[in-house]
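Data first, discussion second: the structure below is written as structure tokens.
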Amino acid sequence: MSLKDILTPFTAWKRVARTPVTVRDPFNDRPGADRYRGFHKNDVDTCIGCGTCESICENEAIDLVPFKDPVSGDSGLRPRIDYGRCCWCALCVDVCTTNSLTLSNEYTWVATDPEEYRYTPGVDKKSWDENEKGWKKPEGNYEFYDLNRVAMHHLHPEERSDSFIEMVTGYSKEQAMTEADRCVECGICIATCPAHMGIPEYIKAVRNDNMEEGMRVLYETNPLPEICGRICTHKCETVCSIGHKGDPLSIRWLKRYIADQIPSDKYKEILNTNNLEVNDKKVAIIGSGPSGLSAAHYLRLMGYQVTIFEQYAEAGGMMRYGIPEYRLPYDQLDKDINYILSLGVEIKYNTRIGDKITLADLGKKYDAVFAGTGLHLGRGTGIPGSDNEHVYYSTDLLRKITAGEKIEVADSVVVIGGGNVAMDITRSLARLQMKKYGRINIIATSLENEENMPADREEVVEAREEGAIIHPGWAPQSIEIENGVPIGLHVVKCNSLFDETGRFNPQCSMDIKEYWPGKMVVQSIGQGMDMTYLSDEFKENITFGPRGRVQTNEYFQTGVGWFFMGGDIIEGPDVIHGIANGHKAAVGIDRYIQDKLNSKQ
Amino acid sequence: MEKENKNIPLVKTKTFINPENEKRSVTAPDGSIIEIDPIKDYFCQDRPKEYKVRSGAVEKFLNWARAESLWVLGFGTGCGSIEIPPLVTPRFDMYRYGVQMRPTPRQSNVFIISGYLSVKTLKRAIRSYEQMPSPKYIIALGSCTINGGMYWDSYNTINRLDHYMPVDVYIAGCMPRPEALLAGFAKLKELIKAGKAEKANEYVRNLDWYKANQKKIIKDWNMPDYNW
Amino acid sequence: MQKIIQDIESRYSVSEKEIRRNNLCFLTIPKNQAISLVTYLRDYQGYSAFTLLTAVDWIEEGHFQLTYLLNNPTNYTEIGVRTMIERDHATMESAHHLWESMQTYQRELKEMFGIDFPGSPRVDEDFILEGWTDIPPYRRDFDTKKYAEETYFPRPGRETNDPAEYMKSKLFPND
Amino acid sequence: MDIRKIFQQYSDRTSYPEIGEDGKPIIDLSSHKYLKMWQGPQHPGVTGNMSLELTVCGDEIVESKTHVGYLHRGFEKLMERRKFIQCFPTCIRMCVAEPDPNEYLLARCVEELSGIEVPEMAQWLRTLVLEMARLQVLLRGVPGQGGTFALGLGYQWGNYIRDLILDRFEELTGGRVYHMYILPGGVRGLLPDGFKKRMEENLKLADEFVKSIDDLMYSNSVFKQRAKGLAVIPKEYIDKYGVYGPSARAAGVMRDVRKTNPYLKYAELDFEPYTTTESDVYARSRVRWYDLQTTIDLIRQIMAKMPEKGEIKAPTPNVLHWKIPKGETYVKCESSRGEYGMYMVTDGSDMPRRVNLKGPSYTHANMLLEKLLINANIADTAGIMVSLATCPPEIER
């Protein structure tokens, strides 16, 4: 022990003269840091109630409680947080699909009643709601799931522009697993899908590489997965919660992936439909489109004897005769249809109801009838020159292409219409032109401007890739006829389509004119329904709504008890509505028949 | 909220006796033999009594005095105790608010339950609490004391502190910052001055209910029911 | 690392080996050889520091995996010696004579997994738990959530909705 | 009466109690020579919520048993029923004083078992956070040693600077104590603007603190008298009892994972851990004091060497259903107390099969402390415990 050891500690005295470091007012002087993880805030208008915050919370601190009525894409639920559980890890903020959930930098909450510590941020007003600082999801490449979808491989425009082979190649296993991994299993999409398919469930099956399970999930609500996996309008993807920050999941391609993996001879085994029961009740179905097939499938599973009446030589309706082969190859179409037929569904081809057999005959012979006759009639523009024989309807042309009939495609074509069917015919004719002339000269025009074109975006992009010219925002005025054949189309600039009240009322600048030459003009501005089989005796009992659509109850039952209708003539037009209608109608038919049986007893 | 079910009869649990608490006779240095029954001799087993509120200004003065000298028991029962050192050191300096740490329950009147309580600690916490002189208060920190917090599914930590001990003030956070703790003390002062920090008396009134809850989870109850 | 593994393989029946990094590998050894191998590694191969002993419950296969992790303080490598023991009446030879710290690990395993180490000092004393009467908590068949809910009653008043189910009940209840 | 003579009379502390045939002391409580007493869990002199069962003879300990488990939450069990990402908030609470090594180890285990590479920038930030964590622990721990010998002043100074470091943590990570900063794949944010400048100001204060604590504590005759020669760990105990980190380095054995198995960016940093051979409480405390300087220096080096911008997180699978193939690994890092390791077993599901955390306190507080306390004074127990830096939540998890 030296003297130094005794003296040096006294150097501490020199601190006496220092300024004190004590925080004077600890309640106000020290707001949390900019990134502080304090109490929760939620922007309830942005929040969609997807519940990812709930599923990542390791403490089960988050409940989803009703906030408003659900709408498509918003569950109407909002997270309520239990501060008896929360640990302020902010994983809920980082995982939030809409970035609506954040933390403020407020951190003081003292209470005497422990029941107080449960609140719904954004709904229950708190003093920190307006607090701008606090934890937000870190910027930059910081994500808990991949925001970019796995790109689907398309055939190159040069490869595809002269042939009808399928242009989308489908996912490989690895791609499908990666894509399926992005799903957060919120289930928001289910309500938006018309068929209410178990989307998160089958995506989970992809993730677990359990295709058989995936197949069973698919067939619970959708008996045409190969078809839907290719041409579905995928409304589900528009509400996908991942889509708020990044690309929505490729739900459609994942569905196709599952169906593609299972060979058709395995279907019955996997779906356990080898020995279906048969009862003595019979149901007739008019039309073998998506709604007809769907109804037939579910009715058959319930044990009914089902007969389909099809006016053409092959089954599939619009899926076969309306959709070009490059989008939906016939072998895949047949795969789904043949499975349904193999369940014991009888089909009568080339049988048009209304000709030899009337609806009344069916009503007598069968316990119930379902009509899914679709929209097969082309709708005309009515402009001068449109009555020329070389001015075509797209539906007719598409049907002819499918049936293999020869089409005299001209070396220059104008298509009127900006919907998906217009794109289909544009691209089909382009392929035919390429085959015949080695070059493409086709113009499609639509009333709607570029942003509002009714066709799917990718359809327009692909059509352009293939060489078609798309001119949106023009109103057709007249078709120039020379020597009995059309030679071109006069159009004027169209500015707006709807007036303030939302009525269809196109406004055009008549002085901005354009003329597009074309030796063939195709009208593709919508389709109409052929309801000639509905004779007057039925029309009495059936109510018609706007635009000539039949009014049905929620089970698609018409005023005539045994007669059900569905598909494009009721809702849509698209495949998935047809499938959903068919399924629902099958349930309705089952109830109707069972009720009748019960009342007899 | 649980007023109606507070009449649960006292559960008789099997009483374990630690070897050092067993009855024994010892020989004193002078050769005489002394019988010792530690449970009886070392603990007071009487039921606790409610604190009687004095009248008017006297009580008001006493409450003011109590509120301005909160002596905290230095027992870090869980993670929350890591934020106590900043409080006793210059940055936040809680001495200026009349709050200070004491090493023994006999000198303290505030017990900070700093977060989760494992069953093993709960037993010690109850003993410490009961040894504190009345009037006494409990401040509970963090989620864990409210509804289990992080450890809601753990087999060894309690979920709701108010089932076992009476809590006057809760502070949210995991863990609450020193500033939040100071706010908690301010709230407690407010309550004491208003004469509303009555939880210790509630504990006495509902002693049987609390004891039943405590005995339900403390498997080896080797101490008297009440010791102070 | 390879050299040591080859050397061990020539002396002991290694049924499985997993080389994780160039300084960490795991070897599976029959139960009766495990302590012998650990001793060998300590005394002849320089693995004189003992890092940890723990168990993994492979309830599906009906055995516990014991892992003795040894550290070589000179070349800074680690070897994990794994051995499988029967889950029913699990016992293992005690290794407390090799390292003083071993008895704490064995006490913990006895308490948390119910694996007995006959002869290990204080192995039957309570270590972490106090008055525990249920099955040892680290076993996979012990459900901690169920136990916690039954014993410590969580605060009532919580209810939650699944978004998909809620939307179904509100938007299309009949489907 | 010469007091010195009385002390000399009892100075040979090994003479009692008698050692039995099994090598253990024979302690007959009824002889009135011995008293059994508990230190903790409610005691200001224990490091956290743990207790010692001491048998004393006079004021001298003849036998001690450590009792832990007051903070047992069953983390390893809880993590078996949590997804990998959900393990993080749980895991960091395993050591309250220094949570960041927990985050790092868990993230490293997950990354190693699933084969994820962490971006450069994230590695630097991780290194920074780990060193900051060490700094804040040491700022409390170094003067805390004085506190156990009734020298509380340094503790007041140290805690103030520690609080400033916590402010920097708050700025960087959003949390004061539990940072939740390191996640599998990377970290949760870049340095805020002006961080380095503010950090440098704090480090200057820390520099000054290092100097003044040397004057106040290490040159203090009272501290020297009490700490020197107390609880010497012989060199052969290092492996036998499992002694790590500063405690081992005080005995002349180099144990520092940063140096022996460099992880993150430590290989690129220039530092030399201090070793000495006295191995008593004073030496262990002194090693920590040198560690404090090393850490301050390391933080300066890291801030100088780290890039300004960069990716902070590698892409990971969707954390909500992240499955990791079957495997097992052991990852370690250097905490302020010594080697801190995590052993993880996965079985191909989205939750770990088993996680086992191995901290130095586990061996320090149990067998080693029990051994070292024998023949020490009751008044010295706190000093010995703090010198071993026992952290109860890490022992029982």
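All chains are identified by letter, namely A, B, C and D, in their written order; residue positions are counted from 1 within each chain.
In this text, a contact is a pair of C-beta atoms (placed from the backbone, for glycine too) under 8 Å apart; a residue touches a chain by one contact, two chains touch by 3 or more.
Since the model is a prediction, treat every value here as computed from it, not as a measurement.
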Core chain by centroid distance, with centroids computed from Cα atoms only: C
Between which chains do we find the greatest number of C-beta pairs in contact? A-D
In terms of mean CA position, the chain most removed from chain C is A
From the C-alpha centre of chain A to that of chain C, how far is it in Å? 49
Could you work out how far the Cα centre of chain C sits from that of chain D, in whole Å? 23
Can you compute the centre-to-centre distance for chain B and chain C, using the mean CA position of each chain? Integer Å is fine. 37
Distance between chain centroids, defined by C-alpha means - chain A, chain B (Å): 60
Multi-chain contacts only, two chains or more: what residues does chain C have there? 129-130, 137, 142, 144-145, 155
For chain A, residues that touch 2 or more chains besides their own: 21, 58-59, 82, 84, 87-88, 114-115
At which residue positions does chain D touch at least two other chains? 69, 72, 74, 77-78, 81, 89-90, 160, 178
Within their complex, chain D touches chain B through residues 30, 32, 36, 41-44, 48-49, 69-74, 77-78, 81, 89-90, 93, 96-97, 140, 155-156, 159-160, 162-163, 166, 176-178, 393
Under the touch definition given earlier, write down the residues of chain D that touch chain C in their complex. 68-69, 72, 74, 76-78, 80-81, 112, 238-242, 253, 255, 260-261, 327-330, 339, 341, 343, 345, 353-354, 356, 358, 362-363, 366-368, 371, 396
Quick check on the complex: what are the chain B residues that touch chain A? 1, 90-93, 96, 143, 145-150, 152, 160, 162, 167-174, 176-180, 182-184, 186-187, 191
Looking at the complex, which residues from chain A come into contact with chain B? 20-23, 26-27, 30, 39, 58-61, 82-88, 107-115, 117
Touching residues on chain B, where the partner in the complex is chain C: 16, 119-120, 123, 146-148, 152-160, 163, 216-220
